[in-house]
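Before anything else, here is the set of structures, which you'll find just below.
Consider the two complexes below, in which chain A is the common component and chain B and chain C are the respective partners.
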Partner chain A sequence: MLLRFALKNLTGAGLRTALNVVVLSLVFIAIVTTQGLLEGMNRQASRAMIDAEYGGGQYWSPDFDPYDPLSYSQAQAPLPPKLAEMVERGSAIEELIVQGTVYPVGRVFPVLIRGIDLGQDVLDLPAHTLGDSGAEIPALIGERMARSTGLAKGDSVTLQWRDRNGTFDARDVSIDEVMKTTVQSIDKGQIWVPIEVLRDLTGRHGEATLVVVRQGATAAPEVEDWSFKTVDFLLTDIRNLIMSKTLGSMIVYVILLFLAMLAVFDTQILSIFHRRKEIGTLMAMGLTRRQVTLLFTLEGTLIGVFAAILAFLCGGPALWWLSRVGWRLPETTDSYGFAIGDVLYPYYGPWLVTLTAAILLFVTAGVSYLPARRILRYRATEALRGKML
Partner chain B sequence: MKEHTGANGQFIELTGVTKTYPMGEGHIVALDDVSLALQPGEFSGLVGPSGSGKTTLLNIVGSLDEPTSGRAVVLGEDVAQLDEKRAARLRNLHIGFIFQTFNLLPVYSVFENVEFPLLLLRQPAEQRRRAVADALERVGLGDRAASRPHQLSGGQCQRVAIARAIVKNPQIVLADEPTANLDAENSHKVIRIMQDLNRDLGTTFLFSTHDEKVVGYLRRTITLADGRVASDETGSAET
Partner chain C sequence: MKHRWWIVALLGGAITASGEVPDGDAILTAVDRNIGSDTKVSTARMVIEGRRGSRTVAFKSWIRGMEESSTEYLEPPRERGVKMLKLGDQLWAYYPSTDRTIKISGHMLRQSVMGSDLSYEDLMEDPLLSGLYEPVIESEEVVLDRLCWVLHLTAKRDDLAYDSRTMWVDKERFVILREHRFAKSGKLLKTTDVTEVVEIDGRWVGKTVEFKDALKSGSGTRFIIDTIDFDVEIPEFVFTKAILRK
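Then we have the complex of A and B:
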């Protein structure tokens, strides 16, 4: 019943209500839009990295630590039988990683030389293009790598590495293919060669640095010494990066929300002040102070409800359209540091929308209650005389 | 139903009621040792100069306020003993208020304004509709149910307020200067409507007024001066 009165009072207030509703719904839309973009970023980047590098998780050889460049000299080990069997079955592929240096026209670039099976289909990486040229050491690099080194398809470049005894060796490799990828970690500073060739060059037969499990492959077995890294673990970095961006954008929205709430707060104070006689009248007709307080709180909260509805009706289709068409990113977006691609498809999860709506409603209710709380201390007689307590 | 003149005595009975308001160092005495009893069906009024305590007394009878000392019993309930919920319930069920400034709810239609107390009582829709139509008929506004308060004249507004006060068929209607904002013609009209309601429904009316036109209709005139009962005369007006 109070809800009915509240609705009536609110719609009766007309423009004032409408303004609040519009402002609040804009804030709502803004929050959902940005969070949706970030979540889309997260999903897109995660997906790309899973497809191109992480697969369904990785086994790391005992001494492999990608955060410690010095560890690369020991980051190779003979493949344990269990893993060899997985590779045999086709539910995983091996990858051998060795540190090296390329010397394109007199310059020096430290690289990771990554050996991969040419016939693999576990990762989204055009390894099959290697060897098309029939070169002795065919190599594959990414576009970013090509740009920074000035290498192009068909070029030849000197590659230097150490073999398993620590002896330096160098040979010319032929760039068979330059691939376009959104994933920087398989591009910048990486040079891909056939794994058997790399094993020959380094004398590391039967060794690997890591094993990438096929996505969706049945549960990975425990393997002694080789530690299994789940996709979640592998994605921690990017998740943290996006989380920090999310938190950064939050601050802006907390401020926006705060301003919108200030408007609601103000409206409430004004409305309670203007309607003090009405408050007295309601009490005279038999409403308790709690009921009147509830009534005013409801009126304020309904602003939030209307805002959510308006945002849903107006913002909903726009956001849906955006999530279809995507958001075309400028070239420079690469500097974000993760793989998104040219077009970002925002993702508006049901959680994002409900949670944002819930927070918004909760805060509006709180902000409506704060001024309305004063009614609890009103005396009907004073209110009727038009006095405030 | 509660027996309204039960254990606690009279229909309305004030005994030694004093009301003071703190003011600076000392305090203002709004009501000073007022003793007064009202019987069901009375049509009486409080008169007296501004500041003599009329509104204060009405508020106490209406359980909106309580005496500083003394005892006010309304419909068998000691006003000072009622908690807020029971006081609200008492007003909701048995007491109608009419104000000098009408105090209609501006965003509601005439119908909705009159319906309001019945919604509080959770009456079913059909019963509400009939009661509202009847009340509006009694105040001569049967055809204005859909209007909004701002579309009505002052006299019409006050008649809506009367309909709102009597729609729940209360025991008591308290009217604080109901004609102060009305012209002579409307004052007579409004007071006659209340007189009819008093006669037809047996509703008890207690006014506060300094309007001579109203005084002429009263069957009992209680004069207040400086918070005290200066005189209490019955039988001055014809019915």
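Then we have the complex of A and C:
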């Protein structure tokens, strides 16, 4: 009965209800859209990095620390038998990383020279294109690297490095392919060459810096001195970044919610003031104060329900369309370091929608109840005369 | 050590007086004896030629043997007070603007020093050559109006920075007037050209040297020694990390 009353009252309020519903639904859509974009960014970047660099996890050689460039000169070690066996089976690939310098048109660029197996299919990296030209040292670079160095497919450039004994060596390498990738860490300042060529050039036969496990393959349990890094560990940075962005967005969500709740709160106050006689009548007809309070609270909460429905009906198709077409990002986004490419596809998980709706309804119910509490102190006789306590 | 120049003169005299083609090792030994000293204190300037003109960096260095050196930058004002300390194969730099000392190693050693054609690695390289390289006298050429031996040096050990070098050594003064350093592949990496030689305490010293990274474009870096004192007493603390913040 109370629900029917509440619905009638809401529809009777007309434009006032409609405005509240529209404002709340806009807030709902704004929150879901923003969170969807952040979640899409997380998923897109994680997927790209897993496919192109992390695979199913990595084994790091004893002295390798990607966050410490000083460690790179000692970050090569002979492959332990267990890992060699995994590589042999095709469940993993090895990577050898050596510091070097390229000299495109007489300019100096410090780079990491990364050796990779040409026939590998563990990572989404066009290593097979190396050697197409038949050059002595074929090389693969990314588009960003090509842009910053001015190199293009077919170019030849001098590459300098130090071998395992510290002796300088330099040769001309041929750029066999320029790959397009969203993952900056395999592109900027990186130059890929066949691993066996790099081993020959540096005298590091049988050595590697890291071993990338194939997605879905089981990692070897214990490998002496080599530490296994899970995908979760490798993705910690990107997840922390998204988390910090989410927390930043929370401030906006709170402001939006506050404004919407202010509207609901004001509406409730006005509604209670204008409907004093109605409150008295309802009490005279036998409704308890608690029931009348519940009625007003229900009316406010229903605004939230209508807002969720409106958001679902109007925003749903728009958001679905956005998740399919994606959001084309400006070129400057590439410099932020996210592996998301040109287009960002938002992701609206069931949890996101449900949780946002639940929070919205809970807050709306709370804000509706606060002014309605006054009804608990009303006396029917006073209310009937239009007097407030 | 004070009489080292006599040894150089005698050794040089012996080589040149014989009139025969000397042994390459003897030439290298004479070169090392000319350069080497227990300690050196020098003030020098580095004129770095860049796209937007040249700039000069002045510094004072204290050097003990081949392993220890301490440098303080004097000019330009922006670099004044920057200090570098080399102990063995380790290098530290102190920047007064941030009051921080950083250890320079790994890829940072390949960065150029103050935008010059010299890398930190070049600064750290051991200049004594005899015993490390197998010298072969290739020919004689005139450089800077001086008759020189052209020596091709091949590394005897596989842990040296440069696999081979070619150097033009003054036949009388045993000072290197030109040098080319090569990668293992034979590619030319660095060149040095002495344009002015002076005699100090019986030693012949390249006063003005032009360094050039052969792989890099640009006019190179001119290195000018303003003053140099050999075998002077240097306090012990100069070669400790404490000097950096002092």
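Please note the rule applied: the second predicted complex is superposed on the first by the 387 of 389 C-alpha atoms of A that agree within 3 Å, B and C clash if a C-alpha of one lies under 4 Å from a C-alpha of the other, contacts with A are read in each partner's own complex, and residues count from 1 in each chain.
By our rule, contacts are C-beta pairs under 8 Å (C-beta built on N, C-alpha and C of every residue); 3 or more make two chains touch, one makes a residue touch a chain.
Please read all numbers here as calculations on a predicted model, not as lab measurements.
Novice: Both complexes share chain A, so when I overlay them there, do chain B and chain C fit or clash?
Specialist: fit
Novice: In the superposed arrangement, does A:M1 touch chain B (first), chain C (second), both or neither?
Specialist: first
Novice: Which holds for A:T167: it touches chain B only (first), chain C only (second), both, or neither?
Specialist: A:T167 sits against chain C, while chain B stays out of touch.
Novice: Mind working out whether A:V105 is in touch with chain B, chain C, both or neither, as first, second, both or neither?
Specialist: Once the two structures are laid over each other on A, A:V105 reaches chain C alone.
Novice: Taking C-alpha centres, what angle do chain B and chain C open up at chain A, rounded to the nearest 10 degrees?
Specialist: The three centres form an angle at chain A of 150 degrees.
Novice: Of the partners chain B and chain C, which touch A:P69 in the superposed model: first, second, both, neither?
Specialist: Touch status of A:P69: second partner only.
Novice: Just to be sure I read the superposition right, which of the two partners does A:N9 touch: chain B = first, chain C = second, or both, or neither?
Specialist: Only chain B is touched by A:N9; chain C is not.
Novice: State whether A:T281 touches chain B only (first), chain C only (second), both chains, or neither.
Specialist: In the superposition, A:T281 contacts chain B only.
Novice: Taking the superposition as given, does A:R379 touch the first partner, chain B, the second, chain C, both, or neither?
Specialist: first
Novice: In the superposition on the shared chain, how near does any CA atom of chain B get to one of chain C? Answer in angstrom.
Specialist: So the smallest C-alpha to C-alpha spacing between these two chains is 73 Å.
Novice: Find the residues of chain A that appear in the contact set with chain B and again in the contact set with chain C.
Specialist: none
Novice: Taking the complex as given, what residues does chain A use to touch chain C?
Specialist: Residues 69-73, 99, 101, 103, 105-108, 110, 158, 160, 162-163, 165-171 of chain A touch chain C in their complex.
Novice: Over in the complex, which chain C residues touch chain A? Could you list them?
Specialist: Listed in rising order, the residues are 103, 105-108, 110-112, 155, 158-163, 181, 183-185, 187, 189, 213, 215-218.
Novice: Please name which positions on chain B make contact with chain A in the complex.
Specialist: Checking each residue of chain B against chain A gives 55, 59, 62, 64-65, 84-85, 88-93, 97, 99, 101, 103, 105-108, 112, 116-117, 119-120, 122, 164.
Novice: Any idea which chain A residues touch chain B in the complex?
Specialist: Per the stated touch rule, the residues are 1, 4, 8-9, 11-13, 277-278, 280-281, 283-289, 291, 379-381, 384-385.
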